[in-house]
Amino acid sequence: MREVKSKFDILRQKIYIIIYGANTFAGRLFDLILLGVILLSVLLVMLESVERLDAQYHDFIIISEWIITIFFTIEYILRIFSNRKPWSYIFSFYGIVDLISILPMYLSFIIPGSRMLSVIRALRLLRLFGILNLVHFTGQESKLKLAIKASRTKIIVFVYFILIVSILLGSIMYVVEGKESGFTSIPTSIYWCIVTLTTVGYGDIAPVTTLGQIIASFIMIMGYGIIAVPTGIVTAEFSNMKNNIKPNDGKKCVSCKSEVVKDASFCHHCGEKIRNA
Amino acid sequence: MREVKSKFDILRQKIYIIIYGANTFAGRLFDLILLGVILLSVLLVMLESVERLDAQYHDFIIISEWIITIFFTIEYILRIFSNRKPWSYIFSFYGIVDLISILPMYLSFIIPGSRMLSVIRALRLLRLFGILNLVHFTGQESKLKLAIKASRTKIIVFVYFILIVSILLGSIMYVVEGKESGFTSIPTSIYWCIVTLTTVGYGDIAPVTTLGQIIASFIMIMGYGIIAVPTGIVTAEFSNMKNNIKPNDGKKCVSCKSEVVKDASFCHHCGEKIRNA
Amino acid sequence: MREVKSKFDILRQKIYIIIYGANTFAGRLFDLILLGVILLSVLLVMLESVERLDAQYHDFIIISEWIITIFFTIEYILRIFSNRKPWSYIFSFYGIVDLISILPMYLSFIIPGSRMLSVIRALRLLRLFGILNLVHFTGQESKLKLAIKASRTKIIVFVYFILIVSILLGSIMYVVEGKESGFTSIPTSIYWCIVTLTTVGYGDIAPVTTLGQIIASFIMIMGYGIIAVPTGIVTAEFSNMKNNIKPNDGKKCVSCKSEVVKDASFCHHCGEKIRNA
Amino acid sequence: MREVKSKFDILRQKIYIIIYGANTFAGRLFDLILLGVILLSVLLVMLESVERLDAQYHDFIIISEWIITIFFTIEYILRIFSNRKPWSYIFSFYGIVDLISILPMYLSFIIPGSRMLSVIRALRLLRLFGILNLVHFTGQESKLKLAIKASRTKIIVFVYFILIVSILLGSIMYVVEGKESGFTSIPTSIYWCIVTLTTVGYGDIAPVTTLGQIIASFIMIMGYGIIAVPTGIVTAEFSNMKNNIKPNDGKKCVSCKSEVVKDASFCHHCGEKIRNA
């Protein structure tokens, strides 16, 4: 059965290698072209939003966007067509991103202005990591992911605390400052509190009363102090990960093949004596 | 004596399990309802402060707040009633928070406007940690607490230094800049100095003279440099704690008395079998 | 000769114990009073700078400041008088601070307005560490000092780099943005660059041209990235210090009395066998 | 042939020692003078940009700049002349910087205003590290370089993520906020997003709608959280480097082959004397 491959199957496999692969010349070329087109499409949506440029080059931008959308549509169809498990692609993260990247243009016939959403194509830039496909880069990426994943729960608890603190202090500032100095409502005060706590400090809203400024000073110093907490969490996680990966340069017990502790004289799993080669 | 339990005692115990417990279905349901009502009550106080919304839905918001206050009052009474040591609850952190959450509404009969203080209900959100009662979460929480506790003294010393520096530099800036550029008094200048040192930078007050800008640049770089200090303190504390907690809780080999690795079956120093007591 | 202590000498010694000591009741009381007076004097200078308060309580503030100045003058004279090595006190850090704290008031007869400088008294607040004299606190303080001292050279190199980068990028922004958007001169542009690089961001000067905003974005991301460098330096120093202080819980060799390595079987100084007690 | 050194060759060598060397008195003096002239030239360009000063001292500044430029030109020619491999100097980093430092003045005959570019001379300040030539300083510098180099790839990945996030969130904010509140185009919105994410927060553009403020709050907390990532990376790198450098450069005991402690006289495992090779 396996030998009886129709021309159709061969074509499908060839397309698959070009689109999904990065080892052949054609596959690599396709990836680079794709990257360029994605960058171009993001740039076009940006330029369109600049009034002065849109007025001058409106037709050029619209035509270019349609060409890119058709290119993306063909690519999307070929991806589904060439994949052996089309559904798993369609419902994968990249599959959904690819679909959302082309939908807004077609929707703009029905809902005007929805074309603006095509900026979501920027997400396709994430493919860069796959396209560059460097062991080095992806290695770093996965380390970053691991460290962030390990600190996730701690960071959620941390953000939760920040939100409660912001609600409380924001409400107090609303009562203290009143509506004259920009603290027009509790939600606005909470927004101001987050702006201050994260040391962003726009200055569109700023306390003017003495008590308000004292509370604000307290919030700033607190924000300055607690910036240490997430940093401490992630750093400890990074250092820890490093230590977990490096132990003993991977020396293994000759008897049970499990990794041994640094400076061990005996394997702590099977009690076998460790020979220092 | 113990068998002679009056119906009253049984009721009290049942209520206790529902309100304080989280293991039964009823207890869990009560917790979730409570969480929802707390969130709703905080949201209502927020919405009321938005003028546009208050004008439109004033009656609806007031009635809802009264319903919630009555619900909280009943809950508060039941908590006192069902607890064997009512006084220890009343004077506990949550007991006081619970009382303060309901008082403002009743006080609003006497002192108008005091209802605004009911935003203190947000503190009740802290119960979430108890309600979710996840080993994972509370474990993280206690670790965070430990690390922050360990770095407490260092952070107090640090904040004290920052305050002295702010008083000194704020006063100098007041002399240098004068009243034209917003440095109207020494307290205001100190406020500005804290705003700058913590890298918040509202911009409501900003130096305009050359000397003022030079001093301000110096303050910024200093602030940028010393942000490292609390971070360093907390991170070192985190890393340290991790190292202290991980190594097998200090279990030792019965033969050579050296500390053993976590999950070890044999001592890696002398090869002795480890007995898990 | 030693027995022949004149009444004068005894008085001098008593004053010395009260002023410099903190172990006797009188010494402790004096310290607390001194702390209170210092806080009060700083507060007074602050209040005087607030126009509204100064107009109302001018006479009261002036009289209070004179009383405090006389108190400080007496204290200063007694410190010199009671100290066996008066010159070493006079030229010590605190001796100079104490003198500068009282001079401005006397100078205000000759140079009006110089009284404002008396805010330098805030430096006397540093005595708090001596007054509280807690082993715990001073221990922390010295640790902080050690860690900061160890990272000093690295931080100087770091600040030097930041300054050169600010000069370069500030000049480029001056050329790019021009005088319309607030970049009126290269020094002002450098000031703006430091404001941006340290993530303070007042917003009194902000780029408006597209190229300027692109360069500004680049500066911000760079500033965001290099904030990691001083933090990394100090944290590593902290962690390192901790590891250097903690090893082996201070176990010592019985033969040469030097501290031994953790898990050592033999002293690495004299080769003596280590007995695990 | 080697003995037949023309006077020309001797002169060249003498100049080389003065310009490139720092061990002789003349060489050291030259370095200090050079440093002074560089600082002066940077200062002059700065002062010229201040309108008020330029109006008053225009002629003085122009003449001084020409003197410095001629000094730099002579130095540049001598560096090429005295160097045995002139081309390797010309195309080295410092060679190019030296050339660019003098070019703008000569170009100002042809293109007016290009003189402003002479601020690039600030780059020459980097020579300070060479001039001070302190083992201590350069040691620190190289450590900094190593740590930054080791974290380079991770930081590139990190910056890339930030850019994509900024493009996405900036576009969303453009759609949400509209042109009234300063979000005039997608590039401007992206600029605002970077300003917010890096916690700079100028406030020249700030969200005014409720939804915009919620998204902005989310961006701020995210920015506040991810500031931890580069810090964690660099810190872990620093700590790691320290551990790799410190432990005795991997010296081992000749008897039991285990690594020995720094400065050890005896192996702490087997008591063998350590021979310092």
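Order of writing sets the chain letters: A, B, C and D. Residues in each chain are counted from 1.
Note that in this section a residue touches a chain if its C-beta (ideal position, glycine included) is under 8 Å from a C-beta of that chain, and two chains touch if they have at least 3 such contacts.
Please read all numbers here as calculations on a predicted model, not as lab measurements.
A repeat of the C-D interface exists among A-C, B-D or B-C; more than half of the contact pairs are identical by residue number at B-C.
When the interfaces A-B and A-D are ranked by C-beta pairs in contact, the top one is A-B. Subunit A and subunit D, compared by their mean Cα positions, are separated by 30 Å.
Note: centroid distance subunit A to subunit C, computed from Cα atoms, is 42 Å.
For subunit B, the set of residues touching two or more other chains reads 158, 187, 190, 199-203, 227, 231, 233, 235, 239. Those residues of subunit C whose C-beta lies close enough to touch subunit D in the complex are 153-154, 157-158, 160, 164, 167-168, 171-172, 174-175, 184-187, 190, 196, 199-203, 206, 210, 213-214, 216-217, 220-221, 223-225, 227-229, 231-233, 235-236, 239-240, 260-261, 264-271, 273-274.
Residues 199-203, 231, 235 of subunit B are the ones touching subunit D in the complex.
Subunit D makes touch with subunit C in their complex at residues 42, 45-46, 49-51, 116-117, 119-120, 122-123, 125-126, 128, 136-137, 140-141, 143-144, 147-148, 155, 158-159, 162, 187-188, 190-191, 194-195, 197-204, 227, 230-231, 233-235, 237-239, 242, 260-261, 264-271, 273-274.
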